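To keep things simple, chains are lettered A, B, C, D, E and F as they appear, and every chain counts its residues starting from 1.
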């Protein structure tokens, strides 16, 4: 995880940097609003990445933002195992992610599939979500 | 400390999760607004807990929220020693926490006691606080 | 201007709603973090639009989000007059917006032009910006 | 709508004020993080209320918070008409709100009913929600 | 009240703009974190001012920030009447503001006086506050 | 790095604490808005410091804020090497920081120099920045 506090980078530049970091392999990129000295609204940039991508992502951060130094920390992770199944909805096929962790099971329809189905069918994103979740008891085709 | 970044959990669900985590032994639970990819306002969930409660709290997080993975980190702590004393105010008894750390001493009236006294007496919370702080020089009964 | 406070809509859904609102003619869409009752992190949605687009945008808000009611207010505007000029940079042509208001003049390179030039040339967004601004004294071709 | 900007009121006091304002008839109360002068993190308090409750709520704001002046503004509202129906889920009965606005129809299970059913059955809040939404096609008993 | 949404102004520039606006007569200046399109963290600038200062403040906003248009709205105000009294504390004299509104009375020590007394005496800001508030029953010299 | 979560400290007090921490040697101090239990808006305080200053800064945090315990963590840092050069602008001399990291080079004018030049010349901060950046190709006098 790479952290940097920024008070002299514009929102436009940050949006561009997020795009670059995701393309370059960052697992997750987020911004948090920050109150900095001299009444400056700032932003904390946090990038989660594999250690092997660290150097490449640092280069983007140093090139695109105005930061002169970042902090790097490691942490343990607890993750759910997951698998993708495809279900049929009245709005077309949608993949649903099923995740497990020690007895906890949950399912979440894939955003990009729901988004496309909603735009195609002219219904709300929620309508597709609900519809996909309602199908998760019926047998789906295992994908991934 | 357990961290998770969430962009597909509603505020209602988060309020419910906070309630569950506190009941299950979390020392502190907080949310921070987060800017995530694809223009999504998200929330960072942070839970501070004893290591022995980690498994139980992870189960709540995985069950109640949509996160598929969390990060876990450890940190040193510096804490003030504290003791509770009871003082009498015109609005009824209020416990006051006295805290010490290497020469620094400070006192803070217990929120729940002040809240109850304020509601009972029909005065503002501040009025009870000030009143309790004004009594902290007089001798109080040591409790807990 | 249309305002809605949301505590039971996910970040994913909000990102999708922003996309829909911009496509449907909203002049500007933004989210602000909000603290709502029962410990719920919420979001305030603000949409700026021409009055003629109000009905169409309300339909998207009611369909895509969970809100049951929105507030609508009007306000005066003070705007700078603007014109677009094109300048040549070492990284390719970039349009620069020149804005005037009662003696105040300022120039800002177009984000999309800079973004494309930066990606094409493999330099930072800032490098293109600076380069475009440095050209604004020289005579450019007037566009739009 | 009543707005106040606060930089010298604690979070504890604000939580107490929110509780008081909701009891006294406020339709909605929310806080937004604010950056104020002299590097002070502040909070914007927004209260939505019927005009007839304005005086009573102003009294709470002036008594409980440190603000010395508030702003009051009016706005139009666009609201969906709504009705409550009760559905049966495997976790017990849950009321579902059905809302209409010019062709847009949507349904949302009542939070408090879902919360109670989830705690009683030992399942996640989402499980109850999904279950209630899945029943909304079957005929329910009309309430309220 | 003047509002502007900014996504291409740096925190440094905003801190400078706040300083300029306060010098030029703004009653209050604040920033709120904003989520804007294309994953850009932005800032909403809000300036409260007398109508007679509007033009002067607009000039600063247009000159110092990148905004090309602002919104201006009016609102009613409800304010407490106030008077300043001076009290003696063990850390020196401190002015205390006493405010009234229809039966509500509250007192708040002046920040700048407390700040100076705390720095001079080497005690915490809270110690001076509490001390000043404890004196507010005793007769003080009326100032201003 | 020292972290503390605060829900009963006012914005005024936090502004004062930031001032004290910077004077006492903190490398960086920032606040992040936080949602805490019981509907309390809170603030996360983060202080970056050399380990040798830790004890002195903890004393300020414990004395000035209401926190009873803080967390302390270490992290690796990646920093750009930097050097200061002075350039001449039409608004006076401005120092420009030039930073290097493995092939990435960038330059940023010193805020305080630009601020003073802008105030002295009656131009915008941006005008001074742009002017200083435009000079960075010409030979400047190496300082520090």
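By our rule, a residue touches a chain if its C-beta (ideal position, glycine included) is under 8 Å from a C-beta of that chain, and two chains touch if they have at least 3 such contacts.
Labels paired with UniProt names: A, B, C, D, E, F = LarC family nickel insertion protein.
Bear in mind the structure is a predicted one, so any value in this text is a computation, not a measurement.
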Identify the chains in contact with subunit C as well as subunit D, in label order. A, B, E, F
Chains in contact with subunit E and also with subunit F, listed by label, are A, B, C, D
Contact steps required, at the very least, to link subunit C with subunit F come to 1
Select the interface copy of C-D from among A-F, C-F or E-F: the correct pair shares over half of its contact pairs, counted by residue number. A-F
Do the two copies subunit B and subunit D share over half of their interface residue numbers, or under half; same or different? same
For subunit A and subunit E, let me know how many angstrom lie between their CA-based centres, rounded off. 38
Can you check how far apart subunit A and subunit B are, centre to centre, with Cα atoms defining each centre and the answer in Å? 29
Could you say which residues in subunit D touch two or more other chains, in rising order? 8, 12-13, 18, 31-33, 35-39, 41-42, 63, 66, 73, 106, 111, 124, 126
Note which residues of subunit C are touching subunit D in the complex, please. 3, 5, 8, 32-37, 42, 44, 58-59, 62-63, 66, 68-73
Subunit C to subunit F touching residues, read off their complex: 33, 35, 37-39, 41, 106, 124, 126, 130, 133-134
Contact residues on subunit B for subunit C in the complex? 6-15, 18-19, 31, 33, 36, 38-43, 66
Going by the contact rule set out above, which residues of subunit C touch subunit E in the complex? 1, 18, 22, 28-33, 43, 48, 73, 75-80, 82, 97, 99, 101-104, 106, 108, 111
Complex contacts: residues of subunit F adjacent to subunit E: 12-13, 16, 33, 63-64, 111, 115, 118, 124-126
